[in-house]
Structures are given as structure tokens and as C-alpha cells.
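First, the structure itself, so that you have it in front of you.
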Amino acid sequence: MSQRVNLDLKNELFLYGAKEWNQCFQCGNCTATCHTTENDFFFPRKTVRQVLMGLKKSLQTNIDPWLCTYCGDCSTTCPRDANPAEMMMSIRRYLISVYDWTGISKLFYKSKALEIAVIFLLAIAVMILYLFFTTFPSGDNSQWIGPDGGALINKIAPWKRIHFGDWIMAGILIFLIITNVFYMWYKIILEDKSIKIGFIDYFRPVSALPKLFNPEKKYARCDEKKLTVYWILHLFLALSYATLFTIIVFFLEWFQTDSVYPIFHPQRLLGYIATVGLFVGIIYFYTNRTIKNLENSKYSHFTDWTFLILLFLTTLTGILLHFFRIYGMPQLVYITYLIHLMVLVPMLMVEVPFSKWSHMIYRPFSLYFAHLKKMAIKKQKIISDEYSQQN
Amino acid sequence: MEEKRIGVYICWCGTNIANMVDVEALSKEMQSLPNVVISKDYKYMCSDPGQDIIVNDIKEYKLNRIVVAACSPRMHEITFRKALETAGLNPYMFEMANIREHASWVHTDRNETTGKARDLIAAAIARVQWHESLEKRIAGVNPATLIIGGGISGISAALEIANAGKQVYLIEKSGTLGGIAAGIDLTYPFLNSAKQMIDHKINTVMNHPMISVYLNAEVKPEFGKKIVGLVGNFETTIKSNGEETKLNFGNVIVATGLKPFDAQKVINYGYGKLPNVVTSVDFEKILKSGVIITRDGRVPKDIAIIHCVGSRNENYNAYCSRTCCMTALKYVNQIKSALPKTNIYDIYSDMRAFGKGSEELYSITSRKNMMFLTFDHKENLPQIKQASYEDPFNLLIEFKEKFSGESIEVPADMVILMVGMEAHDDAKQIAHDVGISLCGNRFFIERHPKLDPVATTTDGVYVVGTCQSPKDIPDSVSQARAAAARVLASILVGKVEVEVTTASVNEEVCCGCQTCISVCPYTAISYSVEDKVSKVNEILCKGCGTCSSACPTGAIRSKHFTDQQILSQIEGMMSASKSKKNLIEIEET
Amino acid sequence: MQFQPVIVSFLCNWCSYTGADLAGTSRMKYASNIRIIRVMCSGRIEPTFVLTAFKEGADGVLICGCHPGDCHYHEGNYKCLRRFHLLQKYIQQMGIHPDRLRLEWISASEGKQFVELADEITETISKLGPARINKYMEVAKY
Amino acid sequence: MEKKENGQKPKLKLAVYWGAACGGCCVSVLDVHESLFAVTEKADFVFWPIALDIKYNDIKAMPDGYIDVTLFNGAVRNSENEYMAKLLRDKTKILVAYGSCAHMGGIPGLANFFNKDEIFNRVYLTSETTFNPEQTMPQTEYEVTEGKLHIPVFFDDVKPLNHVVCVDYYLPGCPPKTERLVEVFMAIATGAQLPSKNSVIGARDKAQCDECDRKKTENKKINKILRPFEIVDDGETCFLEQGIICMGPATRSGCGNRCIKGNAPCRGCYGPPPDITDPGAKMMSALGTMIDSNDPIAIKEIVEDIADPAGTFYRFSLPGSILRRKIL
């Protein structure tokens, strides 16, 4: 079945950040330098070509962009400055919007305004709920302060109520993520008629799981030594983020306590490490994106910034909240908690399913799917070889 | 008969010969051959010191015959003849053995090659014994020049010569001057109007006092041949608009130009059947008309351009026509400026952007909002189909995209076929008329592909423009002007050396059987009734020697290629290899 | 040491000799048995040359000229062609194998073809073995 | 007649010998008719097998250079011819190869298409008229009661005279025209200036056409080769232009166009003009040029009409030509 070429696709991709699209004359240099290229995966060249030719179908079922580690070697060595690495990044943005069946993410990527608007609306919604379900620490301060000098945060914002909100949000997020991943699976595996994957095959790669779920490892192979620092920090950030996310969504009771534990109590220690992780990460990535010292931080889509900023604010308010609590300043606790939620919720709601954050899900899954594909291809080879040997 | 004193000189040509031929051994060996007075070998015989060796030896050893074993005589025979002259020896007392092109460069076994070189040199020595001094003959040069073809090349050459105050006869087969270039709208890479450029030139030509233009002209054959005579003094009769004119001229510039490839030959493209499939030639017309619309009068939303139509494909023409790629990019720019909204698909094989401004044009164009697609120019060419009615476009091009390996279809309202250049159908006839030869692709052969791309193997005949090879306008013009310079130079010198190695009749022996007369392609031989013998007009004779081999009485000798000379060359050659040969046969039996 | 035929070849100056030169300048390789004699036109080549070559011990004779119609002198190669057929008949009558005398057209651009021709002919004649004509022809010179 | 005065001038000694010949040459000598007296006045025949009885030993007995002029006619076919050729060479001042056979091999030379065995086989066994039940073959030696008989050895091929001895002059023709002989003889007798050694005498340098009074034009185009019996010769157009192979252009004149005047094409017995080694080759070359076609197939067809090129172009000159015999 021959596909029809389409000039508009690359114009569409323009909105996702791709710029120098028509420079490429397919010298294949990128593929040559790329560390992720393997026998059956000629990227970034193949992918770039699909974009240039506007082969929507091939592109949407293409998994390669997710295997790209954005080491940037291709862009630095490209003779035409076609910037394939950034092209791959843009395609990832594009694919996120493709996998998102709701179509919301597409809107976000296409319009800054809309995204910001949504963020504010969510913030306001959160504020209203907050004001409705919490009580302002008015009157005598002493009644808001616990025996060990910390503010009685659960009296102000009872963890049960917050937790309730968390669960609703988490529910929505998980639903969206799962459905999106399914859609991704549909696009990448089902729509690719060239391969067949049996039910049992899905469970074969289990052995390779650890390898699969550490995409960062690939950076080690890149020339850019800086990137080792990069991936360590990125890993740190990711883990910290994950930790805090799990804690607040599932163990808020344990985390949000009135009593102030000693500094080496796991609750505080864990909190601090995670916070440091977030903070260092944010600063590192922020500086990268501003001084553009790395290939992968040269070009920033506004969604990259929104994610960073929101994350930063969340972290900051989180820290303040913590100190106001342990040093018993209920009013400030009340306010910072409000702000904290007003930033945190929109961040999660917008970024997790519809934007930057979602790569945390897609990356590992793409590796998983890629692995499946490779196995399938290998299998087909063996079969066809046997076939050819027989006759 | 004076005593024969032969000098033999064997060239190393650096390592070119010495690597494959044992030069020293040979030069020793040759010493022992009859009449060889001295035999030497040297690194570069053609170098000045090399020539000096010959000159000095001629004086010192009173040599009267020289053999040089080196490269091809087509390369350096002239050089060494000059050397002989400087030494006061007749240049024709010289023979060259070609042990480079015909030995050291083409063989792999050193012994064999040396053996072959030995034979060739021995042959040359045996031949040179019978060489005789021939006197140079000088003929004047007619200052007029005939230029065949009134395209951009012809015009440029004509103006160059005429502006130098020399008469030019410009004959053009069609009714107008300007040729293909006149049919072009804009020229790449700088997108200047061709019209402005050409029209001006044409006017100057038409009104130039020194140029007489003959339109609708054809050359009338005389004795089966259309242009008779030789460098400096050609003559012909041309027929222009019914009336005949006899022309005399000293030089000929052939600028007959090209013929666009007939796109109908490529069935896949359905040119001629599908109205909206047009060739680049047609599209130039469309552009000139000022408005780009399809045959059915719509503004095209998608335009596809297909490169290498009839070029770089064994089934049509194996060569590259050089100009199509850039012309295609030119179209992209022109279409984009006329119809910014139109989608353009450029389906090419390799983008050949050589020459000033071309690569720039490519990178500028590649930034435009258009699509480059690649196809395999050798097999399964794109297939152009009529699109179905519900489709919003007119044509559908299906092919396997080379880079992505995807089989794709490209929508188009109009397809432009970039047709290549071909030699004219009557190229062979023209070549015959002016006495030059064709290469495999039926373009005229220049004298030397690198060192002499303007002249031909026939003195006084020059080839310029696309009749010699596919070219763009700048190349054609520069070649034309180069030719003009050559012609002017020969006019300036005012005299040319006429072929010396002509045929001559020994009237003592000629019995007047007249076999020779009809043999001569130049009608140089005539029968004199009173003397009852044939006579050769040495001005017309070009020395092919066909008459002397046709003469049953052996009365006609073709100078420098006499039976005696060639026979002894054969004997010399064989005598050298005989000894070796017998030995082998003894071993066998 | 196996038999190395000697093949005398007459090449016309404009097409074939140039073609052979091209083979040289483009460094193509071929059997070293060909011995080239240059004449201005294949029309100059007469039976006397060929017969002498055989008599002097050539195992084969190759004549090359411009392709029909391309002759630098317009018609010379046709003259050659006509003589060739007559000569072929004669040498066969004289007990010389027809394959030992060949007429081929080589243009100035056909260096490659010349190389192939040279190899092919050398092979053919090596198969035929030595001609030994010169043995028969030896006579006392008085 | 003023020669009479110097009567004391010794008479020339004249010898005529025949090798492989038909005898026609000797007859042509006899054909001098009256002028025989003029000859005998100046010369004595010391040796002439068909006319005088003189033994080989008598010649042997002669001192070297005793004979002034020997007219050796006929080719060298066997050991006897060779022996006599060498012997006469020693005894003779001026050895003249007389007639086509001695000059270039002549008609006997056509035997060079075969070798001894083939010829013997044909002559003594297979020929239709032969009856040879014992299959007797000539032997070089044969024992008889009187003693041993020696028969000359039959060579494998026929040679012209100059292949066995050094020849002073060639007097071509089959047979040579008698007038020529007399001229030459008189020239020798009167001690006139003779041409340089090893050259042809008694014939002109120009070829037959020079004397031929048939109409010749440049239009020598042959589409079909004919043999004389195939057309009615109009008696005035050049034979070649009528498509009949005539060796005239490649043959010396001197015979007075004997054949052509008799409306038969020249066969070339007078041999080639100077500077030509091989008349046959030259004639082939010339004839080839005349063929009026550029198409290989058509050319082949035309050439096929020549039944026997070697026999046609080398009728009198095979042994003297470049390829002097067939390769067997």
C-alpha cells in the first residue's frame, strides 16, 4: 500500500519545534554517528525522511524517536545543519500529542496561551476547593501549635481531605496514562503490519526489564562526557520526583504529620534528599537551557519551560511549607500550602498526561515495545531463513 | 643513396615506461641493429634536455635518421620533428615507437612488455631506413569563417570574429537565430532573463557589416561531400531561401547545438498521452506565456518535477545532460514566486549543482517550502497515472522513494519532465560533411578531451557548444569564444602548413587505368588525357593513401606511408620477435 | 612456456589507433601479443602488407578502422572492407585459417572494446596454435 | 650490318636450357625466323637440348664463365633442374631467366597448391586415365642389369630460377615475345649499355593498359564478376569495366597486348611492373576497390563469383609471390 506524500506535516511539526526541516539532503551522516542505530533501526535518518516526505502513518507508528537519547552527536556533525536531534525531540513532542487520544495535548503544544490559561483555571479551582475544605488558623496562635513546636498542619488542612483530592487526581492521571500507553501500543505495535507479536511474547522481555527501564544508561555510550553528569542528575531528579509523588499520593498520612520528628527520621531525611534532588536538577536543567551549553538544551520549546518553572515553584513552596510547619507559623503554613497545591496540581494535571512529563512513561514503554519488535523481526528472519533453506 | 646513420632514443617517461620496460637493456640491444649509429635512453625525451640530446647527437654523429621510442606519436611526434628541424634535419626523417600507450601502460608482465617494445622499436628502425625528406608546403588562409548553427554558441563565436574585422558566414537551418537559448525564459542560477541577453546579440549579428547571415540554409553537396578543401581554403555552396551562394572560407566552426530528448520514449511518463505531463521545453513556453496554468486552464495546486528524463539510463542515454538539475531548481523558484501556495515535489536522482552559484541556488531552494524526493534513475522509473475523478488533483505519480524505501504516491496537477540533451539526428551527416567524427553518444569528438576541447582532428574545423557535449550557456559561450580565438589566431598567422604526406604518381609507371580516380574522396586525382596518366592535386589530397593501395601498377606512392616503408616496418618487427618465436616452436615440437 | 602468438595489427590513425591510445591512457590491461602498425586510414592497408606479415611469421593479422560511415576520409574503411573479403577468400585457398585474419571497427572512444578485442583475438589464435607460415616460405636469397 | 667490319670480334657463346617448362619458350626462340641468321652471325649455340645433342658433362668440362649468355626457361621442379641451374650459373656470364616459369614460376608453379605426395598420388594412382595395378611409383634409384639408374628427386614445391641461383636478367612472358628476345640479344651482342643487374629486360615499365586501346574510364565499378564466356565482349570497353578480371593494370606491357587484342583479358604472364613484388596482391587490392558495394553481404556475394582467386591473380606468379605456396 503506497502512502501519499504530504507537504503539510513538516509545517505542522514546526509548531512542535522542528525548524531546519528542508535542509536535509539525506547524506546519512546522522545515522553513521548515532550510537543508537542498529541493524534494523536507521535513525534519525529514516525518521527525518518520513517527516520530510510527510508520511504521517509511518511516522506515527515509528518508535525510533523514543530510542533517541538526544546526545546531539548527529546535530553537531550534520553537514547541512539540519539539526536532526532537535527534529527527533520535536517528533517526540508530536508523538506525545499523537498518543494522547483526548487531543488536549495537541492543543497545549500548539498554543502557549491555552496551556497557561488552563494552568490558571486549575489553580483557581484548587484554591476554591482549598478554601472550602480547610480552616484558617485565626485567633490564639498557641492552639495551632503542637507540643513539639510544629504547626498543627492536620488541624489546618486535614490529611484525609487532601488525600481524598490526591486520589481523585491520581485516578484521573492514571486513567489517562494507561489509556495513552494503550493507544501508543496500538499505534506502534498493531498498526505496524510488518511484524507479528503473540500474546506470550509480551512476557518474554521480563528478563531484560532492568535494562529496559534504565534508558539513561544509553547516555554512557555518547561521546559528550558532560552527558554522564547530565544523566546522573536527570536520574536523581526523576527518582526524587517519583518518590515525592508516591509519598504525597499514597502515604500522605505518614508524611504530613503534626509532630516534628528528629532530623534523621526517615520521613524528614527522605523528604530532604528528594527535595535536594529536585532542586539541584531544576537548577542544572535551568542553567543548561539558558546558557545552551549542551546540544540537547540548545532549543527549548515553551512546554519545556513551563514544566521547569512549575516544578521549581512546587519545590520552593514545598520547602517553605516544611519550614513554616516545623517552626510553627500556622498562618504562613496555611498560605504556602495553598500556593503549593495551586502550583502542584496544575503541574501534574497538565504535564503528566499531556506534555513533557509523560515521556517518563513513554520512554520505558517504547524501549519495551522496541525490544518486542526486535525480537519479532529476529523471529521472522529465522523463519524466513529456514524457509529459504528448505527450498 | 647517402649512408644511413640512425639514432635511437628510448624514453623512460619517468617511471611510466621504465617500470614495465627494461629501457637500458633495449637501448644496448638496439645498438647492434644495422645502420644504428647511436642508441640512448633518457628519463624524459620530450623535455628540453631530452630534445637537446637528439639535436646535439645529430650534429655530433652526423645522424640523418631518428627513432624515438616513447609515448604515442599523437602526443609528441610534432615535438620531436621540431627538434629534428632545429638540428637542420628534415622533420620526416623521424619515426616514433609507441611503447607507452601501446606497451608499458597496457601490459602487466615486464618481460613480455619489454619484448613487445623491442619489436616496436626494431620496426621503427627498419621503417626509418626508408624515410625520405619531404618539403613543407604552405598555403594561405582565407580570412573568412563559416559558422554552422546560429544558436548562442554560433552567435557568440560570430560576434567575436566579426568584431575583430573578419568576415563571417553564419548559416542557420531554421528561420530564426538564437536556437534553444532563445526559447528559455530565465537562466539559472541568477534568474536573469535570457530574452534580454539573446535579443540584443541577435540584433547585433543581423546588422553587423562583417557577418552575413543565411537563414533556412542548407549546404549543397559537391562530389558527395559538402565542404571541400582543407584548412585555410575550404569552399562550399549553400542554399538559403532558394538561392545558391558559393562560399570560400578558411575555417569552420560547427555549432549545430542539441536536440531535446523525446520524452515519449519513456512510456512510464505517458508524455503525449497525459496532457498535463509537459517537458522542460514546453514549460519554458508556459513560463514565457507569463501565466502558469494546466492544459485545462486551472491553476496547479501541486506541481511535480522529474529529473533525468532520458539521461543516465542505459535504455536511453547513459550520460548526464548537466543542465537539467539546475533548470529544475530554477523552475521551483519561478513557480514559488508566481504561485506561492503551490506545492512543489522535486523528484530527482542526484542533485548535480556544479558551477558558479549553483550550489547556492540549491541551498536557497531547499529552504523553500517544497519537497525533495529521490528515485532510482536506472530501474523501475516512476509511473505517472491519471488520477481518479474524486481526487482533487489531476495526476498521480507512483514510485519507490529511494532514501526511505517507502513506496509512495505523489499528487500533481502538472508534471514537468526534465528532458536531457541529445545530438541531432543528422549529426552523422554533419560530421561527414565537415570531416570530423562522432563519439559513442553521437556528439562530435574534440581533438583532445582535456588539452584541446575546441579543435577537432580535422585542421581548421572547430566544434563548440552542445554539439560537442551537453553544456550550459556559460560553457557554450566560453567554448565558442575560445574557438573564435583559435580561428583569429590562424587568420593572424595567415598561412598554414598543408598536408605533406600526400600521394604522388610516378608517371613513368602509371598506365592510366584510372582505377584511382573514383577512389579519392577529395577528388584530388584526375586523369590527364594528353599524358595518359593520373595526376594528384596535392592541395586537395589529404594523404589517406587509399589510392596508392588501389593502384594496381604501384605507380601511386603515398608519401611517408610507402609500401617500402610499411613492409620493412613489418619485417623489422617480425625479425625482432622471430628468434624468440622459433625457440618456442622448437620447444613445442 | 606456452605459445605466445604474434599478432600484427594495422590501425587507422584517426579511430582505431586513438582508441588503442585511449586504452593506454586509461591504463586498461590486455594481452601483449598485439603489435600495432599505424596507417593513416584503413583504406591504405593492402593485401601485400597482410601477406607479408604472415610470411614474416605473424600468427594473426588484425585490421582496425573507423566504424562504417565514420571514416575520417569518408570511405576508406569501405575500401578496406571490400579488399578484406577478397583477401579472406585468397588466404583460405592458401591454407591459412580465416580466423587468423580479422577486420574490426574500433572508434576513437572504444578503448575498452579494443582491449576486449585484443584479448579475444589473442585467445582465438593461441587456440589455433602457431601459423608456421614463415617456415614454408623460407627461400634462399640470391 | 656495320657490325661486319669488326669480324675479329669473337662470336658470342649462347646456351638455352629448359627446366620445368612446356617447351614453348624454346619454340619462341626458334620463332626468330629470318633473324636467326643475324643471330647466328654473332653467336654460336653451345648448348640447347631441344636442338643440339650436347651432354651435361660437356658443360661440366667448360671453364667457368665460358658461356656468354644462357637463356634458362622453365621453373625448378626437381633436383636435375636445380643441378643444371647451378651448373649453368657457374659457366655463364649472363644468366637470363627466360619466360614466366623461370621468372616467377609460371603455370607449373600452380603445382604449389599441392605437395609431392598429392601430385604423385593423383598422377600415378587416382587419375581417371591411369591403369597402375601394381601401384608403381617413381623411385630415385633403380637397380637394373646394366647397373644403378638415378632419377632426379621431385621437390615438394616449384621454385622460380632466382630461388636457386642468382639471376642477372629476367625476360618475362609466356612465351616471351620473340621480337623482345632479338632486341635483347642484339643489345648484348653490340655491347650496348645493359640495364642494372637483376632487372627485367625485354619488357616495358608501363603496364598493359598503356598499350591497350580499349576505352578506359574512371568508372570502374564492379557489381558482378564475370568470366569471359559469360558475356559478349563488345571488344572496346575495358575488361574490368565489363566485370571481367584482367590482370592488365598489374602486368608489364611488351607483349603487344597479345591476349587483349585477341579479345581475351590479360592473364599477367609478363609479371608485375617495377616496384611491385606481388602482382596478385596488388590486383586483388585494386579489384577490391572496384567492388561497388558497402554492404558486407553484397561484397561477399560478389567475391564469391571469383571461383579461384589464387589461380586467377597468381596464374603465372605463385612461386614468386609473397605466399609462394599453399600451407599444408
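In order of appearance the chains are A, B, C and D, and numbering begins at 1 in each one.
One rule holds for everything that comes next: a contact is a pair of C-beta atoms (placed from the backbone, for glycine too) under 8 Å apart; a residue touches a chain by one contact, two chains touch by 3 or more.
Note that the structure is predicted; figures quoted are calculated from it, not measured.
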Most remote chain relative to chain A, going by C-alpha centroids? D
With contacts defined as at the top, give the pair, C-D or B-D, that has more of them. C-D
Please work out the Cα centroid separation of chain C and chain D, and write it as a whole number of Å. 34
How far is the middle of chain A from the middle of chain C, if each middle is the mean of its Cα atoms, in Å? 81
Using Cα averages as centroids, what's the distance between chain A and chain D in whole Å? 114
Counting only Cα atoms for the centres, state how far chain B is from chain D in Å. 54
Which residues belonging to chain C are in contact with no fewer than two other chains? 46, 48, 52, 79, 83, 132
Name the residues of chain D that each touch 2 or more other chains. 282, 285, 289
Residues of chain B touching 2+ other chains? 519, 546, 549-550, 563
Identify every two-chain combination in which the chains touch. A-B, B-C, B-D, C-D
What does chain C use to touch chain D in their complex? 46-48, 51-52, 54-55, 68, 78-79, 81-87, 89-91, 93-96, 131-133, 136-137, 139-140, 142
As the complex stands, chain A meets chain B at residues 2-5, 7, 11, 22-23, 25-26, 45-46, 49-50, 52-55, 58, 80
If we count contacts the way the header does, which residues on chain B are in touch with chain C in the complex? 72-74, 98, 100-103, 105-109, 112-113, 115-116, 119-120, 123, 224-225, 428, 431-432, 435, 437-440, 445, 457-458, 501, 519, 521-522, 542-546, 548-550, 558, 561, 563, 566-567, 569-571, 573-575, 577-578, 581, 584-585, 587-588
The chain B residues in contact with chain A across the complex are 343, 345, 351, 363, 366-374, 398, 401, 403-404, 406-411
Quick one: in the complex, what on chain B touches chain D? 506, 508-515, 517-519, 527, 532, 546, 549-555, 563
